[in-house]
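Here is the structure we will look at.
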Amino acid sequence: MKPLIGIASNLTVESSFHLEQNVVGCHYIESIKKSGGLPILIPFTLNHADICTYVTLCQGFLFCGGGDINPLLFGENPHALNGSGHVELDQFHLFLMEKILSANKPVLGICRGIQILNVACGGSIYQDLSLTGNSTIKHMQSEAKRHFVTHKVTFIEGTILQELFGHEVYTNSYHHQAVNKLGDNLIASGFTDDGIIEALEMLSHPFQVGVQWHPENFIQVGNAMLPLFERLVDTAMQRVVFEGA
Amino acid sequence: MKPLIGIASNLTVESSFHLEQNVVGCHYIESIKKSGGLPILIPFTLNHADICTYVTLCQGFLFCGGGDINPLLFGENPHALNGSGHVELDQFHLFLMEKILSANKPVLGICRGIQILNVACGGSIYQDLSLTGNSTIKHMQSEAKRHFVTHKVTFIEGTILQELFGHEVYTNSYHHQAVNKLGDNLIASGFTDDGIIEALEMLSHPFQVGVQWHPENFIQVGNAMLPLFERLVDTAMQRVVFEGA
Amino acid sequence: MKPLIGIASNLTVESSFHLEQNVVGCHYIESIKKSGGLPILIPFTLNHADICTYVTLCQGFLFCGGGDINPLLFGENPHALNGSGHVELDQFHLFLMEKILSANKPVLGICRGIQILNVACGGSIYQDLSLTGNSTIKHMQSEAKRHFVTHKVTFIEGTILQELFGHEVYTNSYHHQAVNKLGDNLIASGFTDDGIIEALEMLSHPFQVGVQWHPENFIQVGNAMLPLFERLVDTAMQRVVFEGA
Amino acid sequence: MKPLIGIASNLTVESSFHLEQNVVGCHYIESIKKSGGLPILIPFTLNHADICTYVTLCQGFLFCGGGDINPLLFGENPHALNGSGHVELDQFHLFLMEKILSANKPVLGICRGIQILNVACGGSIYQDLSLTGNSTIKHMQSEAKRHFVTHKVTFIEGTILQELFGHEVYTNSYHHQAVNKLGDNLIASGFTDDGIIEALEMLSHPFQVGVQWHPENFIQVGNAMLPLFERLVDTAMQRVVFEGA
Amino acid sequence: MKPLIGIASNLTVESSFHLEQNVVGCHYIESIKKSGGLPILIPFTLNHADICTYVTLCQGFLFCGGGDINPLLFGENPHALNGSGHVELDQFHLFLMEKILSANKPVLGICRGIQILNVACGGSIYQDLSLTGNSTIKHMQSEAKRHFVTHKVTFIEGTILQELFGHEVYTNSYHHQAVNKLGDNLIASGFTDDGIIEALEMLSHPFQVGVQWHPENFIQVGNAMLPLFERLVDTAMQRVVFEGA
Amino acid sequence: MKPLIGIASNLTVESSFHLEQNVVGCHYIESIKKSGGLPILIPFTLNHADICTYVTLCQGFLFCGGGDINPLLFGENPHALNGSGHVELDQFHLFLMEKILSANKPVLGICRGIQILNVACGGSIYQDLSLTGNSTIKHMQSEAKRHFVTHKVTFIEGTILQELFGHEVYTNSYHHQAVNKLGDNLIASGFTDDGIIEALEMLSHPFQVGVQWHPENFIQVGNAMLPLFERLVDTAMQRVVFEGA
Amino acid sequence: MKPLIGIASNLTVESSFHLEQNVVGCHYIESIKKSGGLPILIPFTLNHADICTYVTLCQGFLFCGGGDINPLLFGENPHALNGSGHVELDQFHLFLMEKILSANKPVLGICRGIQILNVACGGSIYQDLSLTGNSTIKHMQSEAKRHFVTHKVTFIEGTILQELFGHEVYTNSYHHQAVNKLGDNLIASGFTDDGIIEALEMLSHPFQVGVQWHPENFIQVGNAMLPLFERLVDTAMQRVVFEGA
Amino acid sequence: MKPLIGIASNLTVESSFHLEQNVVGCHYIESIKKSGGLPILIPFTLNHADICTYVTLCQGFLFCGGGDINPLLFGENPHALNGSGHVELDQFHLFLMEKILSANKPVLGICRGIQILNVACGGSIYQDLSLTGNSTIKHMQSEAKRHFVTHKVTFIEGTILQELFGHEVYTNSYHHQAVNKLGDNLIASGFTDDGIIEALEMLSHPFQVGVQWHPENFIQVGNAMLPLFERLVDTAMQRVVFEGA
């Protein structure tokens, strides 16, 4: 039996009638399916009881890329370079992440997802890479295809990511913000040459991980990034087996 | 405990990177929540085993508005007025609907959803209303707001819809196709003045229903269309109770 | 002292934030001012008591061009060629018009305004000129400037319009609908060569008038259309004087 | 009987024929109505006598958000970062504000409105926030919805705003200019953390107030900002009662 | 000494500020220069005395392609298929053409120019080719380049055009209207296979000619169409010589 | 050694500088490569000697989809429904095709390519499918993806296509024109249910074939259409071997 | 008899067919007509003999606003902030200006025209106002209407402009470049408060003048800027009288 | 017999279906033809064996302008100002260039082509001209036409370019990157006044040359840039003769 992987939906507005929609990119879903998980999409809600039910229902979770988090949610005034966002979506994602962490269930956060993970643990975000003072690499690539790589990420010895990818990996890059102050119990396990944090891991947990790049965009051209999703699904599977026991 | 209502996702392509996405409008989700159901979104898949798992997982189902069904799927050559579509999405929706009907679970089909219901039962679709020969009413409204009504729907005595709404109701209207030949065991329970079928019901089933208009767009301005969603959720609830017994 | 002329606002949606707005074209306002009236704009409302207060407050009224009236409001199903509209704006305009007529106050209806006048009196509208069966003249002009004329209007002997303009006048033309069945107590006082009604007048009233063209667009290039607005203001003035007596 | 609240119209140009229009957003009007006032819209005019009549006619006034004031009107040359404007609209608004202040009637200025209030009293405007030298907060938000908040405003003890809202309030923010030199008899009663003036009040007057944010955008999601509009209407009501006495 | 060829300007509106402009395509001007004439552009005016001065000043004239003539100017009501136009430009062009014809000076009318010639002589225009009842050829071509030919034109024996081009010529084609009733003293000298008039000539005059296609677009790829412009300039030159004598 | 397959380029205009470009879609090229051929692109030219050199250089040829052929090239006047085209590109393609046929070399024509094949042999084209009088199927599909099929093509016994695909095949469809009168020595080997010719073959030649659909769009999702390209390359290979012998 | 005023055309490219056109704004032409001149438009040419003929033909000249002059023409390499231009148009305008100055005829240069005047006399241009180092005023206004003023221009005692306008005048402003090194025999007669040159005059000549603002945009709202055009026409008239004598 | 000149295709994505295409501008092809070469277009491929076959097939080669090279390919991290690119196209072009250089065949690299030449030889690229620290000239021109010149290039004595063009030449300019570290055996033979390298040549080879400007854009207005293409073709011709010997 496949583990149920809950993917947190984003919100967007379609252009013909300006109706708000829940949306999840197919690449994320295909990555979960290719790794042996059964994906369902968790729709936006601010109902805490419903969110707790979703956390109970699924064995693993995925958070996708998206807009900027409202800085008031990590205790800062907004900077002029902070991008557009949706504060209620932030609250949904943060509450969902907190409940997942409390329930000790496996989770993978991608791009905005790594930032949700960090803020849910009490960390903060650089509202724009220019505010780091020393970012010298292009992190918002404009290559012809989403899976073309743009920079290297180097991993720390002894981390899950180093175990999965070895010393370094070349990745794509589509972000203008990054992790600033680390959240509680998180360690930074991957960096670009200019010192930007590209991966986070929860101390002493088998798989509560965030990455700043987009591994899901590689799903149709090869298996280079598949280990990340497989580890999520495998960890969730162990829980299913355990629960079923 | 709330019944789990599975909503079949649609597919769209976002404009910045041309990435395919699963998408469900918020109005559909809000209507389920307001009626006491717990919504999850079922992502696109052609994996039959996974689809069967989704059918087992949920107590009720909702199909939303969307593109035109490929006419080859109901045995016709495409007409020049047939609109754009996605044949693999059609296959996903039709297989999911067939499994729901086999499992005897409650389902509501809206707009494209009523057409999926009809084709899944062996019925056919007018590829464009002009092909009916006698449609005289504007069915693709251009009113300022989605919840503004455009025409009347009259219901047949003794049907579920007549029980819910009485003799007639004024509805919005956003479709250029309509039910043609009825699928097996379906009855037409609602019509506009020009004879277009606006509602279908499965004979002898508590709630396998399709409507051609968009009841979900009324969710933020009142409860006029709520009975439709409440009946779906209530029927699903009875199944939960029964299953839980 | 100038008579207060209430102009019924339209609704539009601005493009940057999709916020709804009340709007009245400057040409309408300038025409009232040039004719000696003091214009105020009556904002959209469905509050009947407030509408009655507005009717009491002003001595004369102006209704402007705009979208199509919802055909359900004059007892017809919508035809595919009926254009976009806003049924709540229709209700505001119709109720305001009815109260003005009841109060016996002077009013000028322009384009959509003549149609509001006719429907408020129980008349009906051709949902598209093609439905008249015999309209042969271009009524939606595409000339370089709004005040360029496109066709002739011929007036009936003994009407107010014939008194103001003589036997005929060349006008601009921006409409795809027209008066069909006349409302109670209204007479058609102007026609184009293809028989389309271009002007209405209330029997035995000094100035309750509608015109299908856009006289306000001539305000900046001359006084040809000024008599229409002056008659409105003058009639309103007599009421002021009388009331003040 | 409801007090008459005159709302100063803005000007815009519609896109199909480039016709100039008077325009007022529905949120402003709904806020007045929800607070018990009867709104009318005062159209653009440079006729001083007519403006005086409008001031006499109404018991309270509202000025809305809009374009930048021509700097020549507060004695400065235009800076390259000054935005687009309409000098005749500025003259209409400034003259109307001056007459209201002379008449001692209550008035609320929102966004551009607070700037009109300040310039009418002899104050000046920062032509762009970058010219303040120390503005560090994003004041032109790009959140998904107009009522999402972006920063805090802290109020001065003993002011009307502190009485209405307490020590602080979280607000939305859509401006690139701000009050610089205070106009005569005005006090700054609200500030953001970077020292930008967010609220002005007239010394010793029950309600001549300006705010830099957009309280009207909250009207459809709750009553948090309603006290501002209610105080305007209540103060106007007292004048009606007094006048009627 | 080169003869002075006056080219009647058209009017257009530039997109950034919506300012009206006088405009003449370079191909027209280059064709005159290549044929030995000295072109000047006659700007739009309704001043009859000035127009007469322009006619005196120049030895030959050219009228270019452009918008549709207002049908009221040739005694018809506008048809729905009549395109956009500028009635004051029509009046300028018609008066200028009449004065040229009175002065017996040479003139070439291209596309709209042939229609101006015909109406100035009392003729009429098919407001759309569909109204001819028998036009079967595409006259509004969509070829990749302006000088690609689309149909044949056959000339009448004994006409100027037959003298210049022989029995037939292949031409480009960009028009939706055409000459209907011939103006006084004009003869039709060229036709397409579906009977549409493609060329007009004034009886007993050395060169008062109109063509429905665009000979100027061939100027940069060869001399096929040059005889038309050379004949205009040569006829004008004879006048210069005569006048100078 | 791989056979050299010459692909005839099309022309397009890029949007930033309006520069004309030679262009060939990657799907065509990938189809040749996957089938074992070595593709080169033959650029547009009207130089007959160079075209003959290209024909000598390559062992097989491919013509791609594109714009409409100028009807003058097959002896018809242009119809209003004929689309945009480039007569010089037509001349390049027709001359190249004629030389290939004279040289007896294998060639595959796709979409516009089948039409070039037919006209090069003296055949004609329906300028629009509506002119066939009996086309009832949608031939310009609007499906979400290029490789989604829209209709069936049935093949004639004993033809190459029947040998490659069997009795029938489901194909995509993107054309508004079709083969009318057959060119010399060509036979129609495939039809849709409404009688439109979907495939042509040269009598007694191993592979001079045209198809009206787009087989190259299937190259990335499977091998269903590969036999067509493989037969082209294999026939070309036999010639290489023969020539090399 | 009216003096003939030659207006140098600009070049633009129309958007439908990318055809190059000669163009002159109506405001320039109306200003000449209102001042008693007879305008003709001089089309683009690089033929020096023809240009000399144009100079002989007219009694006065006007140069309009337009694109940036190629810096190579005043001896500088192009700076990144230099805008788009047309070097052949520059050569036409410069040669025409030089011949006018040689012929000692009156000329008015507006915006780009003042820059043509300066370069024709050997002067240079600031390629962008930011390169002046001390320009603090917005010179590219974004006001709602072209005739709204944005800054003051102060004139030098004893100049023609001071004679026409007095000590100072408020003007509109639409330029990002300005006069740098003065051309031979030119004096700067007007400045903004930040020291930018806004007017030039030729020493000891009755009217060879350039202004950096757009006086022609005031023609439809009043006579404030008319003296500039009247002086041009009057000076030209004296020449006509003299020549005619 | 003409030498075969292989032109390396670029990749683009057409806008209607987002299909990837091989593309080469006509100006490049016309320049080769005018110089006596026979052009073929080499389509994109990563198959090394096929690339070697293309190198063997042709006697000379041309590389065109295009997107930015991925900096990882010359050992740098991407800078934020690096533009969009296609890393697989880079790999195709670099491998093709390397094989050409190994085969000692003549090649001309234009714009992106000079950068491919430099990187293939181990050199590096300034990712943006602003990173040179001393570029003061506009290298991305915005002139009305592609062949208008914008700056001077000065050549080094004794180089091929100096032999072809003399001491200096005025060129157009469309690039934001430039050669940084020279590749092995390359010399810089041309510079702009701000020291940017505008031409490269391979030491001791008759014609392996790169230029940073666009000589092909001059092909339709004259022969100024023709020597560059003629030298490529002549050198290739010598090889043909030699091979044929």
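Each chain carries a letter (A, B, C, D, E, F, G and H) given by its place in the written order, and its residues are counted from 1.
Everything below uses one rule, namely that a residue touches a chain if its C-beta (ideal position, glycine included) is under 8 Å from a C-beta of that chain, and two chains touch if they have at least 3 such contacts.
Chain-to-protein mapping (UniProt): A, B, C, D, E, F, G, H = Gamma-glutamyl-gamma-aminobutyrate hydrolase family protein.
Quick caveat, the model's predicted, so the values are computed rather than measured.
Shared contact partners of chain B and chain F do not exist in this assembly. Matching B-C against the pairs in A-B, A-D or F-H identifies A-D as its interface repeat (over half of contact pairs the same by residue number).
Between chain E and chain G the centroid-to-centroid distance comes to 33 Å (mean Cα coordinates, whole Å). In terms of their C-alpha centroids, the spacing between chain B and chain E amounts to 60 Å.
Residue positions of chain C with contacts to 2 or more other chains are 11.
Those residues of chain A lying in contact with chain B across their complex are 2, 4, 7, 9, 11-12, 14, 17, 19-27, 29, 33, 38-45, 47, 50, 53-54, 57, 146. Put simply, chain B touches chain C in their complex at residues 136-145, 148-152, 170, 192-194. Contact residues on chain F toward chain E in their complex (touch as defined above): 11, 13, 67, 70, 72, 77-89.
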